[in-house]
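Next come two complexes, and both contain chain A; in the first it sits with chain B, in the second with chain C.
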Partner chain A sequence: MSNLFDLLVAGLATGAIYALVAVGFTLLWQTSQTINFAQGEFVMLPAFLMLAAMHAGAPFWLAIILGILLSMLLLGLTFKMLLVDPMMRHGVLPLAIATMALAIGLKEAVKQFFSAEASPFPSIVPTGDIAILGHNVSLQSIGVLVLAILAVFGLTALLNRTSLGHQMQAAAQNPTVARIIGVPVERMILLTFLINAFLVALASLLITPIYLAKFTSGEVLGQAAFIAAIVGGFNQVRGAIAGGLLIGVLDNLAAAYVSTQYRAAVPMIFLIAVILFRPQGLLGRAEERTV
Partner chain B sequence: MKSTILAGALLAFATATSVHAQAIKLADVAELSGGGATVGTNWKNGIDLAIEEINARGGVLGRKLEVTHADSQSNPGVARAQVQKALDAEPYVLLGPGYSGSVKVTAPLAAEAGIAQIMGGEAAELTQAGNKFLFRTSFGQQSSMPKVAKYIHDDMKAKSVAVVWVNNDFGRGGRDVVVKELDRLGSKVVADLSTEAGQADFAADVGKIKAANPDAVFVYLNEEESARILKELKRQGVTAPLMGETTLIGQKVIELAGDAANGARGHVGLTTDAPVDLIKAFRDKFAKKYNYVPDHNGLKGYLAVYMVKATTDKMGKVDSKAFADALHGLTIKAADEPGILMDVTFSDTGDIDRQSFLVEVVEGKQVVKQVLPKVK
Partner chain C sequence: MSSFAKPLKIALGLIVIAALIVVPMNFNRYGLFILSQWAVMAIAAMGLNLTLGYAGQVSLAQGAFVGIGAYAAAIMTTHGWPLPAAIVVAIGLSFAVGWVLGYPALRVQHHYLAFVTLAFSTLAFLVFRNESWLTGGIYGISNIPRPHIFGIATNKPLPFYYVCLGSLAIVSLAVWWLIRSPWGRAFMALRENPLRAQSLGVDTRRYTLMAFAIGSALGGVAGALYAPLTQYIDPVPFNLSLSLDLLMMVIVGGAGFFLGPFLGAMIAVLLPEWLRFTEGYYLMLYAIAVMGLLIWSPTGILGILDRHLAERRTKAASALRAVAKSRLETAQ
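On to the complex of A and B.
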């Protein structure tokens, strides 16, 4: 029982990070029909930007701020202007393939200019234990979970309770009508790219102390978050959150109770079941598109 | 005028060709990227350092050493292709790879070409297949694991042990020997956990260890995964003593795992913290050249080149076909060849006999607790 509790906490902590990354998938999809297959590498890169800032002599807190700002510049603004906008004219598929190429490019660039070896990364959450319901739970797990949940709640509040959020939703749901009623659609789309860049930078900050900074570390994350977004519902932020937490827990339980070798297979099997029986995802909305 | 320039160019070409022909060519195939990048980079740097030293002192039998480095990407398939390419260039000796899985698939190629292969793999089976051209630079698992099991049973007094291993040739080989030895000594294996190479998340595996509540945990993973599991063991508050091999307490692991590595113990065939003057000198030279302290793979690469030198000096000629025969049964004394660092004897199977160490990580540093003598 104690083991199950530990597994649930660890699974939720990992799942919360998957959720952050998965939310980015859904945001980009909703506002610009972008499926970003470089999303995993987007999580890998900010850690290296922060490490580079630290190597240049910046203290950790400053490196975090610089890393987040640089991520928003590179993975938000530059990504949109140099890759998404020019490729979007050619359709969703060429853009998706271009993001795959970007993923390879980012990995190779980090390998070339930083190192192929893993690097340690400081944790923003202190190590140690905290007693919850009679169980000793690691502060790091709780910290990751709390920070990720705060970020997700903040985003949900922004989307649902502010005028800016309503404009973003309007731009996502029907850009033509949104334009007619005076919503600056292009600016709203850019804002979602910046939010996505912020979320991946936060995910990077939380997961890298555990996974270590390595050029390949985005592969697992990108895949897990993609599955999470589909399972939860690609067109709903709440779906991505639920999907992330669910995949995190499922992954840990599968590794513990099924087999470590097949841990990656269990979420995949779950994904196939969801696609077969509820293609819009657990919390997603059925969508029809003109073809 | 034209003919003078042409003659000059021809002369320069002829001189360059002659210098080139005099060099002894070595080929290195190592894990320069991928999961084994730490292993391969240390190995490569060790080789380069040794070659620089030897060439600065006039080379081997008056000839300079030259090496080409190829990247196996930590992938046995790529390693095989790279080794084939390296062998096509007819090197004097093949160095590497470091991963047992890559050694396993490349050893037959080198044997077929009749070229000696000095490698970093530690899987027990590598030198048990009757290959007459394969040589180790460190202990095979059949030599080290019995010492590990004995330490867990006798010194740690562990009656129950959790064994965590990486599911590849290296991990499986070590796991098979240590489980057999623990069983023979009377320590019960209460958790036998296989993990995947490159695995990032060890929460579930550590959860299983916690549930099994063992007296000791034996960790046998590659370096990066070792660092990740050490962090997770600390995160989940596992207090059972940790025992491993070189890969648990290497410099890179300590750097990556930070505080979490403290208290981990391991049997080490080679360590730069060994209380041996020649090894200390090597460590200083390496750190000065590369700005970091090498792990055992740096030592392995360095030793590989000095094995080439000592054997060639002994033969008195550069003969790649006779090299393997000359190295079998050879004892190289550090007093005669300081680059070999410690006295070493090579068996007829290419295995080595050398003193080894029991090491504990104390405040982020490897501290040698015991020196285990050469067997023969």
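On to the complex of A and C.
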């Protein structure tokens, strides 16, 4: 049983990071119908921005702040203005393809300008084990879990308790009516892009110490975030959180109890089952069919 | 298309075909390999164009069907079967699997369908990698023989390039015929307005499954040619990124245009090679080029041409109107 407990904690920790990435993914979908195929690469890049700052001589805390600000500038503002704005009115598919090209571009840029090798990355939570309920649990897992949960709670509080959050939700649910009642819809959309950039930078900071910084590390992560977003409910922030945690745990349990070879198959089969039998996601509302 | 006279179009097509036959004759081994790869990918992209461009069903699994075709051909030809038999099996197998994959499309649409097919793509990759009794696992299958066509050995790059080009020609003719048949019109009705199509008596259920199955079968054909082209296959080329690449080819070339897949495959296969002189930057430049193209024209390369022609038509029409109007005024 101790094994199961460890697996659950580790699964929840990676799941919490998936949740951060999945929340950003659903936010972009809700406000601008962007399916961001580069979301995984968006998580890969900030770690390299932070590493670059550290190579330039900045201390770790400064590198973190610089990395987050730079990723909000590049992956938030620039991404929206250069790629999303010109393509938004042309439908979902061309924009999705453009983000696939962006994913290739980001990977190649990191490989060319930084390194093709995996680089170690310092952890912001102390390493080591502590005893909980008679089990040794890694402090890193606990730290990641706590920080990710704090970020998610902060975001839900922002969305549900503040006027700004209500305006963002209005802009996402019905842009036309939101505009009529005076919500600055354009600014709200920009804000969701900045929030997404912040979330991926945070996810990058939390996951890179575990899996090392490598230019290909976004591929698996991006897919896990997609699955989490859809399983939870594509149009719901709290669905994405639940989906992330569920996929994290499922992935870890599958690796231990199914087979390491077919570990990746379990979330996929789960995804197909959810889409076929509950397409709106476990916690989502049904989307109206447009004819 | 009125401004393009029909004989001119036919002449242009014949020149391109003649160039594809004559020009590669003194290409080196690598150049012929890349060009053969273009022909193979164009076949796969044409299949996806049927599913996506004409019938409007998003699929992120075309790469998996190329894989199914490639493994079918590799396993059969290394066991002594001739390639044509392997192609038939590849077509049958991908058609059947594609048909089954079409069932989710009856329930969900758009991005949900995209994600079901994405999941299928990953599952297929896992089967290629893990079922080593059948597929050789990560070590793959090597020494895949190239066929004898009408008694001529195609071991050398040039003859095999002609095999690929000939197959592309046959597939192109078949697709050309298909999209002009009532089936093609039913596919387009499905894309434009499924509800209206159904109310007019189109069996949308059957045509959705057919769109998937036929598109996938062409993916299988491409795979069955890919295996003898590279003469060695392992699971890596058939992962999700091949499906994404093929989708990119269709959209960049122009989804729903007959010639779209040819141009899209050209961009995806040949452009990176042309950019090779920039060394480490070539894939970066390729990505920037694709993004730039899509920002400029979200409907792909042929979308630009289409828009241009439409503009010329409007201009010509308004010029005619102006002339007619001035004539009316002088008459008064």
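Basically, the second predicted complex is superposed on the first by the 289 of 291 C-alpha atoms of A that agree within 3 Å, B and C clash if a C-alpha of one lies under 4 Å from a C-alpha of the other, contacts with A are read in each partner's own complex, and residues count from 1 in each chain.
Everything below uses one rule, namely that contacts are C-beta pairs under 8 Å (C-beta built on N, C-alpha and C of every residue); 3 or more make two chains touch, one makes a residue touch a chain.
Predicted, not measured: the structure shown is a model, and the values here were computed from it.
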Superposed partners chain B and chain C on chain A - clash or fit: fit
Chain B versus chain C as contact partner of A:141, first or second or both or neither: first
Chain B versus chain C as contact partner of A:220, first or second or both or neither: first
Touched partner set for A:282, first chain B, second chain C, both or neither: neither
A:210 touches, of chain B and chain C: first, second, both or neither? first
Touched partner set for A:102, first chain B, second chain C, both or neither: second
Which of chain B and chain C A:10 touches, first, second, both or neither: first
Which of chain B and chain C A:261 touches, first, second, both or neither: both
Contacts of A:118 with chain B and chain C, given as first, second, both or neither: first
Chain B, chain C and vertex chain A (Cα centres) - angle in steps of 10°: 70
Minimum Cα separation, chain C to chain B, after superposition on A (Å): 6
Chain B and chain C footprints on chain A, overlapping residues: 111, 261
Complex contacts: residues of chain A adjacent to chain B: 2-3, 6-7, 10-11, 14, 111, 115-120, 127, 129, 136, 138, 140-141, 209-212, 214, 216-217, 220, 251-256, 260-261, 263
Chain A-touching residues of chain B, taken from the complex the two chains share: 32-34, 37-38, 41, 167, 193-196, 198-201, 203-205, 207-208, 210-211, 224, 227-228, 231-232, 234-237, 252, 255-259
Chain C residues touching chain A - in the complex, by the definition given at the top: 58, 104, 107-108, 110-112, 114-116, 118-120, 122-123, 126, 129-130, 193, 195, 240, 244, 247-248, 251-252, 255, 280-281, 283-284, 286-288, 290-291, 294-295, 298-299
Touching residues (chain side chain A, partner chain C) in the complex: 35, 37, 82-83, 86-87, 90-95, 97-98, 100-102, 104-105, 108-109, 111-112, 223, 226-227, 230, 234, 261-262, 264-265, 268-269, 271-272, 275-276, 279, 291
